[in-house]
Each structure stands twice: as C-alpha cells, then as structure tokens.
Amino acid sequence: METNAFFQSKEVLDFNKELQNYHLGPLWSVIPEIMHKEPKPDAVPYLWKWETIEKKLQEATEIFTPDRGGERRAIYLANPGTLNRKPWGWASTTNTLYAAVQLILPGEVAPSHRHTQSALRFIQKGKGAYSTVQGQRLFMEEGDFLTTPKGLWHGHGHEGTDPMYWMDCLDIPFIYSTGATFFEPHPEKLESPSLPDNYGARKYQGGMVRPIGDRNRQDAPLGSYKWTQTEAALEGLSAFEPDPFDGTAVEFINPSTGQTANPTIAAWMQLLPTGFHSKAHRHTNSAIYHVYKGEGYTVIDGIRYDWSEGDYFVVPNWAWHEHVNLSTKEALLFSTNDLPIMEMLGLQQEEVYPRNQGYQEIKGEFAPLFA
Amino acid sequence: METNAFFQSKEVLDFNKELQNYHLGPLWSVIPEIMHKEPKPDAVPYLWKWETIEKKLQEATEIFTPDRGGERRAIYLANPGTLNRKPWGWASTTNTLYAAVQLILPGEVAPSHRHTQSALRFIQKGKGAYSTVQGQRLFMEEGDFLTTPKGLWHGHGHEGTDPMYWMDCLDIPFIYSTGATFFEPHPEKLESPSLPDNYGARKYQGGMVRPIGDRNRQDAPLGSYKWTQTEAALEGLSAFEPDPFDGTAVEFINPSTGQTANPTIAAWMQLLPTGFHSKAHRHTNSAIYHVYKGEGYTVIDGIRYDWSEGDYFVVPNWAWHEHVNLSTKEALLFSTNDLPIMEMLGLQQEEVYPRNQGYQEIKGEFAPLFA
Amino acid sequence: METNAFFQSKEVLDFNKELQNYHLGPLWSVIPEIMHKEPKPDAVPYLWKWETIEKKLQEATEIFTPDRGGERRAIYLANPGTLNRKPWGWASTTNTLYAAVQLILPGEVAPSHRHTQSALRFIQKGKGAYSTVQGQRLFMEEGDFLTTPKGLWHGHGHEGTDPMYWMDCLDIPFIYSTGATFFEPHPEKLESPSLPDNYGARKYQGGMVRPIGDRNRQDAPLGSYKWTQTEAALEGLSAFEPDPFDGTAVEFINPSTGQTANPTIAAWMQLLPTGFHSKAHRHTNSAIYHVYKGEGYTVIDGIRYDWSEGDYFVVPNWAWHEHVNLSTKEALLFSTNDLPIMEMLGLQQEEVYPRNQGYQEIKGEFAPLFA
Amino acid sequence: METNAFFQSKEVLDFNKELQNYHLGPLWSVIPEIMHKEPKPDAVPYLWKWETIEKKLQEATEIFTPDRGGERRAIYLANPGTLNRKPWGWASTTNTLYAAVQLILPGEVAPSHRHTQSALRFIQKGKGAYSTVQGQRLFMEEGDFLTTPKGLWHGHGHEGTDPMYWMDCLDIPFIYSTGATFFEPHPEKLESPSLPDNYGARKYQGGMVRPIGDRNRQDAPLGSYKWTQTEAALEGLSAFEPDPFDGTAVEFINPSTGQTANPTIAAWMQLLPTGFHSKAHRHTNSAIYHVYKGEGYTVIDGIRYDWSEGDYFVVPNWAWHEHVNLSTKEALLFSTNDLPIMEMLGLQQEEVYPRNQGYQEIKGEFAPLFA
C-alpha cells in the first residue's frame, strides 16, 4: 500500500481517533503537516491599502476614546492565513510579528504600561506627539524610528495640533506561542518625565561614537532614531551600488551591542533608486513592509502586489520576492522582520531565485480577500 | 461606561466585525486575551498513565509498520488545552514542547532524517537498539539520555530481542510557530556508520575533561550520556542537602559550551529522597515529567496528580507545583523543560509559593478527560 | 626574626643566589615585587611638550627618508619608567600601550604592511594624506580618528601640500609581552586601491544605522571616523551634565559589535567645558592623553602637569588624576586607554578620591627628566 | 645606502641617542626588534631535572619555614631567556606563564590570600594536604588537578604524614606586564571551612552533568578534578587513534562555560602510547610540561631534551616540537599552556613541520646552562 493511502485508510484513521480519546496523538500521521520539508508558514502574502486603514482609524476615533478605557487606538493587520490561531489569530501579521497602525489625536493620552513583548514604531504622519519611555519623552516626527524593547515602561501623549499616525510592530504572536507573557500598567496614567526630553537622540546625534556613560549598558540606550540621520545614512550609501535584492538599505542598531535595535525584531529602511528592479530571493525570515514614499510593486511567489504611499504588505517566510520602483524618484520602504529570531534559533537560510535571470514569472495580480 | 462593558457593546462588536472584512483587527479588544498580565498558556496540567501509552503503542505495532512507510512509531502526549492550534494541536505537550513515547521492535529500522527541530531521548525500557547520529551508532540502555540538536542526521535500528521504549522530546510547537521548518530524508534508508560505535560516550567517560580534538567544536560532541554516569552524579550530590523545590537534580550539558546539552530544551534528572516533599514554586518555563522510578504525587495549581513508574505529566508555564515521593526508596524523575528558550528570550521569572509555609492547599485530584 | 629582615639575611640571599645557578627562583623573595598589593606599573606619569616632538620630527625629515628604507617616520613617547624592559623599553608609553607622533611630507609614502598589533590614529595637523586600509583609501583631516585592528593591511601616502602630523597608538608592549607577534610587508610598496575612497565613512555618515551588507561582519567595517561627526556628538551631549571625572566624553565604537572601535585600545574624545575642574579618581587601566585643543593642567598622584595644545601625557594604571580646563573656551582631550584589555582579563577596578572633597592635594609641579 | 647599514650609521645612532634625552624613541630603529616577523619570544626552551628541584626544595625546608613569614615554599622555573625582565625575570617560565614546585610538610600551613593572578595546581607526590578555596577544603592526591582562578581565596594545610609536592602554574608574567595586579591576605591565617570538604568534586563525580544549582554560576564551580576521573577519560579515549601531535590528550574544563578550567591557562593531560613518536608542529602559544609518568624525549627546535619522571620542560611560542615515548608503558605528560590568552587576543596560529615527513632533523642535545 502506498504511504499516503495507508495514512488515509480507515484502519489508521480509526486508530488515530481512538488515540484522541486519551489525549494522545499519532506522530506518523502528523509529521508531514507539522514538520514541513521547507518553511510553510500559516501567514500568507497580503497587502493593505492605506486608504482603508486610515478610514477605519478615523471611524475608530468615534468609538474608541481614551475616556472609555482600553490601552491603544490601534488597528492591526490580521493575516488571513492565521485565523486558525485562537484567540484573535494571535494578532498575527506574519507568523511571529504583529503590525498595526496607531492614531492619536491632539490632547489624547495612551496610558503607560510595560510587557514582555518588544515594540517598535515608525512615524508615518504628523508631529507633536511623544512617547514617554522610562521617564524620557521622545518627540516624534515623520520618518523617525523608535524602539521599546521588552520590559520598558512606555506611554504616549500628544501636544500637537493634527492627528498623528504611526506603525507599531511587536513580537506578540511569537511571545504568545511561548505562553510566557507579563503585562503591567504603570501606577501613573502617563509616566511623569524624569529625564530631559529626547535625551538619547541628542546624546547620539554624531556617528558611531557613544557617550562613555553608556558603556556596558544592558538596556537600549537609544530609543529614538531621527529621520535626518537615517536620511544622511541613505544619502552616503546611495553613492555606491545598491544591494541587488534590497536596494540601498540600512538597519537600526543598538549602540551597546551592535545588534539590531530591538532584540527580536529588525527594522530596516530601504531606498529603491528610480527604475530599480531587484532580483528575487527568499529567506527563512518573514517581513512586513510599509511604503514610506513612492509607488511600485512587489512580486511575491509570482503574484504582483502594487503599492503606493502608506500601504502595508507582508512577505511571509520563504516566499520569493522582488521589488520594483515605478516612481519618478526614489522609493522608500520601511520594513520590519524576524531575522533576529531566526538567527537566535539558527534557522536562517537564504536562496537566490534560480531561473529566468533571477526574476519571477508573474502569474497574477493581488486582489483583496473579503471575509 | 465601564471598560469591559464598553468592549462588549454592540457598537464595538459591530465595528470589530466590520474590520475583519478588511483583514484588520481591533487591538483594544484583543489585548487582554493576547498580552496576559501573567503567563496564561494554552497548555494545561495533565497526566498520562503508562498503562495507556504502552497499550496503545502495542496496538500500533499492528497498524504502523516500517514497510508501510512513515517516519516513526511514536505516540505523542497531546495537551488538551492546545487543541485550538490547527493542525493537530501542533503536537503540543506544553506550549513549546512535544513529548512522545516511541516503540521499536527487534529488527525494525526508523529511517534517517534531519530537521530544524531539536530532539532528545530518554531510554525507558529495553536494550539493543541504537540511534545512528551523524554516522555514529549510539547503543541505548535504560536510563541513558541522548541528544540530537537540530540539523543532525539521525535514524534508529534495533539489534536486540525485546521491544524498546523511549521518550522523545522535541521543540516542534515552538519551531512550528515561527514558520521556519526544514526537514530532509537521508539518501540512505538508515545512514551507514562512519565512526566507531558509542564514540562520544567512550571519549567522554571521565569527568569534566574534554578530548583536545573537541576544543572549539560547533556541534554537540557528546550525543549519549550513559546512566552509570548520571547515577554516579546523583550519588555524589545526594550526600548534600537537596534543592527545596527540585530535590537532588542535575542537568545534562554540552561540553563545548557549558550550556544545556540541547540548545532549546533542557533535560534534568531529579532524585527525590524517601519522604521528600518539596516546597511549591512557579516559573515562566514549562516542564514535562517522566517517572523513571518510584511513586508519589505532584500538586499542580492545587490539584493532586498521583504518579507511578512510567507515567508522564505536564507542568505548564507559571503553574504552582510541588513534588512528593511516596516510594519506600528514592524516586527518580526525568524531565525536560523550555528554560533555555525562556532565557534566550529574557522571559524567565520565578516565584516561591507565598502562603501556608510554602505548600499549596489541595483543591482536588486529577481525573483524566475523555474527548 | 621579622619577615623582611629574614628575606634580607645572608642565609636567604646565598640560597637565592645558589638557586639561580640552576635557573630556579625563590618565590618567597619574589612575591612582594611581582604580585603587588595594588597596581604598581613600571610606567610613570610623564608629559611631552609638542614643541619638542615637532622639532625632533622636523629634524628627522633630514635623517629618515622613505628612500633609505624603514617603515615609518614616527617618534614614540618612551616612558621613563619602562627603560628596564629590554630591548628599547618595548616602546612602552604605558605598561601596555605605545604612542608616537608620525610625520609624513607631501609626496612621501609609508609602505603597506600588516601585523598582530592593533593600531589607531588621531589626526593632529594637516590634510591631503591618506591611509590605504585593506584596499580603501581613507583621506585624513584634522580631528579624524582612524582604527586599524590587527591583521589589516595598511600604508600611507600624501597628496597634499603641507606636512601632516598624527598620533599613532598601538598595543606593541602588550603584544610583545606575549611573545606572539607576526609582521608582514605587503607585496606592493603601497597597496593599490580596490574599493572607493572613504568608502566606510561615507556608508556610515548617518547615526546608529548600519548598511545591511555589514551585518555579521567579523572585521572592522568602519575605519575612519570624521571629526564633523565627533563634533556633532559632543555638541549634542554637552547640553547635559558632564561626567564628574571625564567631562563630556565619547568613545568610538565598532558598529558590528558595539564594542570599542579597536579591540584592545579604547579611544575617547573628551570635552572639558570652560572652567571645568574634574573630581579625582583612579582605575586599573592606563591612559595616554593628547591635547587636541585648549590649555589647562592635570594633577596626577599629587603632581601638577600643565598642558597646552599638541602636548601628550600619560596617566599610568591606578594613578589618581583630575583635569582642569584653563582655556577661555572648551578644551578637547583625545585619549587612548587599555580598558578593553583590563575588561577582557577581568582586572578593571575604579576608586573615587576619598579625601578633600574629591580633589587631590598638590605636592609639586612636573619637571621633565633628562637622561 | 643599504637599510641596515643606514640604521647603524653614526648619524642615525647619534640622533637616536639625542631623542632619548627627551624620553622619545625612534620607531624606525626599533621596529625589527619589537615587531618580529614571526614569534620570537624572550623565553627559550629549557629542561629542569626533578632531582635538582627536589634537592633544592628539601634544602629550602631548612631556610624557609612558615614561622619566618612569607607566603609559600615554592621554587620556580626561571627561564634563562627572560632574565632581562626586571625585577626577578618577572618569574617567567614562558613569556606569559610562571611554573613552580611547592613543598609543604606535614602540619605546615600556607596562609590564605587572593590575587588577580590565576593559579592551578597538579599534584605530583604525597597525600593528606588540602587547599582551602573559598571555604571549601580540597584534599589533594597524586594526579589531581586543581584550579583557582583569579580573585578566589586560597590557602593550604597538611594533615598527612609525608612531604607533599605539587606543581603551581600562574599567569604572573602576563598580569605583571599589564601593571594591574591586586593581592590581599586573608583576615584569618588559613581561611576556616564553610562548605563540606571536597564539595565540588563530589557534586561533579558523574560525567557531563551539572547540579542544577550551578546553572549560571559566574565563578568556577569545580575546583578539584580527581585523578580517577582523568584516568577514566584517558582510558576511554585511548581506544581510538591518538592525535598525531599530542597523543591521547584531554583538557580540564569549567562546567559553567565549556571553556578551559582556568580562564587564562589551559591544563592538559597527554598520554603517549608505548613507542609513540609524534609529528612535529609549532603554534603561537607556549607550553610548560611536567613528566608525570614515563621517560622519553622531546625535540624542540632541533635539540633533543631527554626527560624522565618528575622533570619539567618548556616549549616557547612558535618552537617546533615533537614527543617520543621511550618507556615500556604509556607515558603521561601534564602540561599547561597560554592558548586561552592567544585565543582571547586572536593571536593563535599553528603550523605543521613541512619537511622530512614531519619529523625534525636533530641538531644536538640539551645541556643545562649554569649561570
């Protein structure tokens, strides 16, 4: 009898069912679906249009208000492939990462708390809001990147005049899987400042030099990376050949360790020159992209995902992908990925697309699913 | 309006539902169920009797035979709390770990393969079988511990005359959650030996001394830890005061790193002296226990789980637990836990039971669930 | 008999002498001079005036010319306390570090070589010269800091029109002590460029962001730290309270590791605000100071060392020291130290001056020794 | 003018001399003697006969007695090549390491102290003496290895009836070179026991298993490695092919780290089978050998050094060496080396002897130097 047929036989299925009565399971039947020959994540490629997210966030201002309680006005990107994870799809955007867009209105406050999940933020729009992280107010401007590794107090306030939007990314699904989360509200609603505003960013406004007082720090001494610095870095780098797969790309680092700014989530800013069409590759890690500037498309496993400013899309683990900039100027993609998790666990592998001179054959175009 | 009532209001629920149409999710409603105030794992405490496992494995010899294909005759312990993980509960015994009992009959072969999951084995019964790991046959005897970290070729054969039973433990659910698994069958059915039998164990039969050729090895130079050595270690240690929570306990280590033998799963052998009643504590990590010798009970979150030789039971993350030896001699508990994962991610916390002089109040006795 | 008297007795001295015949030594007599109760380095505090160094370097241009062979026109600071180290005092400026000033004239070339000693450079005066490090020309300007960790090819050329002076610092005495030096001339006289000029500095001209291509690099991806960046860092930091012992101070770091730019030698730039008088402390590590800008004095073990622009001075291990800026504007001290060595070996200790409100009592003023 | 001639010219020598008046040094003249093309340590190969050492130690019992003060009755091996290191040749046996033989008589006490130097001991002869290390008495027997990393209290006593001899090895010259030593006598003459005797050795008497209480220990949890264990390790290993350069060899490791037992000094036990003649090689690190059992010779840089039980000899950095066992049974060589220092500093290199099928041409035999 052929193996698969055997595993589908009544004899086997009956036995499997009988085992379940005793809370036992048949490894022989399970292996192919649990230990895949190559990565086959629950999460699937998907793209969310900015118009939809923005509209829903604006509607949410009517429903979710700070005085009604709750922690944050954030709408997350729920990967259609992870709905079988209960509860709430574990708030999965990729298998391990959660991404959301948060909206805070002038005068609002998002209360301070801390948790075992690590968080980062990318500022999409607006100014005048701040995060208070461990007693330091970090004022946020478009293009800034902020990191709040696990265990640090953080809350938000807004002293400006316009709505403020930012991307949040956390390792919520990954930490959820371990069963080991802690979460604690701050005794004050919003933690009072105990350090100068923007302390870290001002101390680190040079290049690869570090205040001597920050030698041997265990925490993240730098919480806010200003756009002006990121821009200068991209400018310096763009004098040279871009990476064939990722364009001109930088990652934010922790000056205490030389590791990625957030221990479990890498954050990158990629500049795609005008007309740039990257080669395709795939890797074990997953990634979430936010289109900071420009328009173009990304081919993921043969499907074309067109994007323009503000959109978000997902490249799951081991999916072939390549990027094309159709803008008349440089496109800027901010992305987060779980490469640090893959490296920590020794799981990272990478493969270059082997056919068609490195470009995928396009099999179709993305169309949104509706539930 | 009170916060919870608000989150249950029709207005909110309708909006949440509407979001789902766009594959978006409302963080405000999700947080309490996803970011718990303290660990609240899917996995629950449970105990499996040896009689049941043994009976089902024997029945399985009629159904699952090597000639019918498939990888292993192993029945896993399916935690009743993780059934909402699709598919197959992710083969979860705790949130991150899988445990099973494997039975191999004389003359049978379990084919060689390798995968990104890490594995370990504890030999429960029988002799004459071996694992071939990276070209080295490791003959297995009762009480031996074997480790096969991710990426190593391994298969099994049996040259003895009696059925051979062992416990397998892998990080299947944890690796599944990341979406990053690779699995590969060996080109031969069973990898041919290329090193002397029991090479590692014989090279490491002294104490804390290492062959100089193994300096700087990146892999696990020692795959098999003989019971005679573990027994000597327990004997030496049992001259001193046992640990109040864990008795006289040792863990198996990798001589290249001083870390636990398997990078993601710790393996311990615990000796509970006659009459020993440990104090209760809880910790972020989860654990799976196998009763190697003796009888007694463990109180987990106030429920008493009586165990005797051969049984298996689970202590999920953050569950209060204490052990009692009711045997007339020492009890021996082999256990595996995900402490290395918790430490890698900086999640480990521990708490001593604060009331009743450190012993839990017993609220009931364990009764098996039937599906 | 009192211990010291006993060790000085004829009986003991005769026996000690007799032992020497057999190349044996008496530990009992040696311990107090070899295993000091607290650090008692061979190196002593000293100060070298820039006028002297400059004059001698200019004279050296008549004597040491590239066509006559030899590696470098550099005059080193020979610590008067280390002359008992044969040969050549091991070129010791402190116990572990060598410092020199190098002069290169327009059109001259210093040949490429590599060695197991690590090197760094601080540009004191001039422009138009470059270091070629691993195929990359790093053009040097006043205030720039360059690092050339062990094993990297490096040579120098000069395309400018004026004499160019820089400070070199290497771990020559430390490596000499181990007996483990390798040194190799490059097959070309001056290694030909194979990378764009100033490649690293241009790639790293933003803040704490790193080109993704430099993830996981084992070598030093950044060889040249421009003064404009260091200046920006000091400016940002000087809005806050200076360190009581070191003023407003930064160290140069390796973006791959978050460690000091050079694995064995830390390099710092310290800004002392106008009128700043630091508290005194001492630490296990030694330091070499170069006065980049300003004038003032440093009290070392109770002796006052007056300094002005261009001077060099040494603070040996465990010497009390405090700095005073007498300039009408900020003083800038560039310094190198062996703190990385001390930390690697677990030897670092630090002590705050316990008397007189933290300021040393001044016992005298420095006067140069002449041989 | 040819380079060397130029450096020897009167003009240059006069200038060099003039520089010295200002405590300045001419790098051009110094480089060849300070930055060697390959390792050229001060220390030279040498061999000390046991008869001499034993005789001198016995004579020393008349001179150096505990009541006369002083720390230890130990006679060290003073490398003839390091006499230019002042004071006392820095007690150098190799460039970085000190070795001595210590004699303690029944009833004597060597006072407790601690220091920044790391120490280890190998027990050559006798029984009944103990080291008290951090409150634990470690009783010593022939063949035992003890480690006392820096900073730990240690003193010795003797409850037996015969003279007790052991080898000491410390990193005295290496630490001396840094100028960073601390040394402190214990408030008690001999530290009182606060832990069970032989606590560590008894806890670690199994194989590669570790008491769970010793997870995450920063210090060295195992101070004494019993000969019975080392012997078992050699026996297990000797079933397999010996290393062509080092025979059947093991190193002692720290169970907390998998690193060598002593952070700066490796300790090895090598078994040379009967008739074994190793191939020659050389490496950056230096080594000190003690002949525990057997007789034979070692060829070092072409010179033959004949040894028999109890002798000591030195293989300096980068010296070619090969060992020959002339005994009728296995020879046992205990050795210490500074490989951990070389690895920490990234200096280790190794080379196989390229001529004559891997065996050196013998140019002469060792004859002791007399001063």
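Should a chain be cited, it is by its letter among A, B, C and D, assigned in written order, with residues numbered from 1 in that chain.
What we mean here is this: a contact is a pair of C-beta atoms (placed from the backbone, for glycine too) under 8 Å apart; a residue touches a chain by one contact, two chains touch by 3 or more.
Computed from a predicted structure; not experimentally measured.
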Separation of chain D from chain A in steps, with touching chains one step apart: 2
Selected pair, greater C-beta contact count between A-B and B-D: A-B
Chain A-chain B separation of Cα centroids, rounded to whole Å: 31
Chain B-chain D separation of Cα centroids, rounded to whole Å: 44
Chain C residues counted as touching two or more neighbouring chains: none
Listing of all chain pairs that touch each other, if any do: A-B, A-C, B-D, C-D
Chain D to chain C touching residues, read off their complex: 1-3, 6-7, 11-12, 15, 18-31, 33-43, 46, 48, 52-53, 56, 59-60, 63-64, 68-80, 84-91, 94-96, 100, 115-117, 150-151, 172-184, 263-264, 284-286, 316-318, 338, 341-342, 344-347, 349, 368-371
Complex contacts: residues of chain B adjacent to chain D: 196, 199, 202-213, 215, 222, 225-226, 229-237, 239-240, 243, 246, 249-259, 261, 268-269
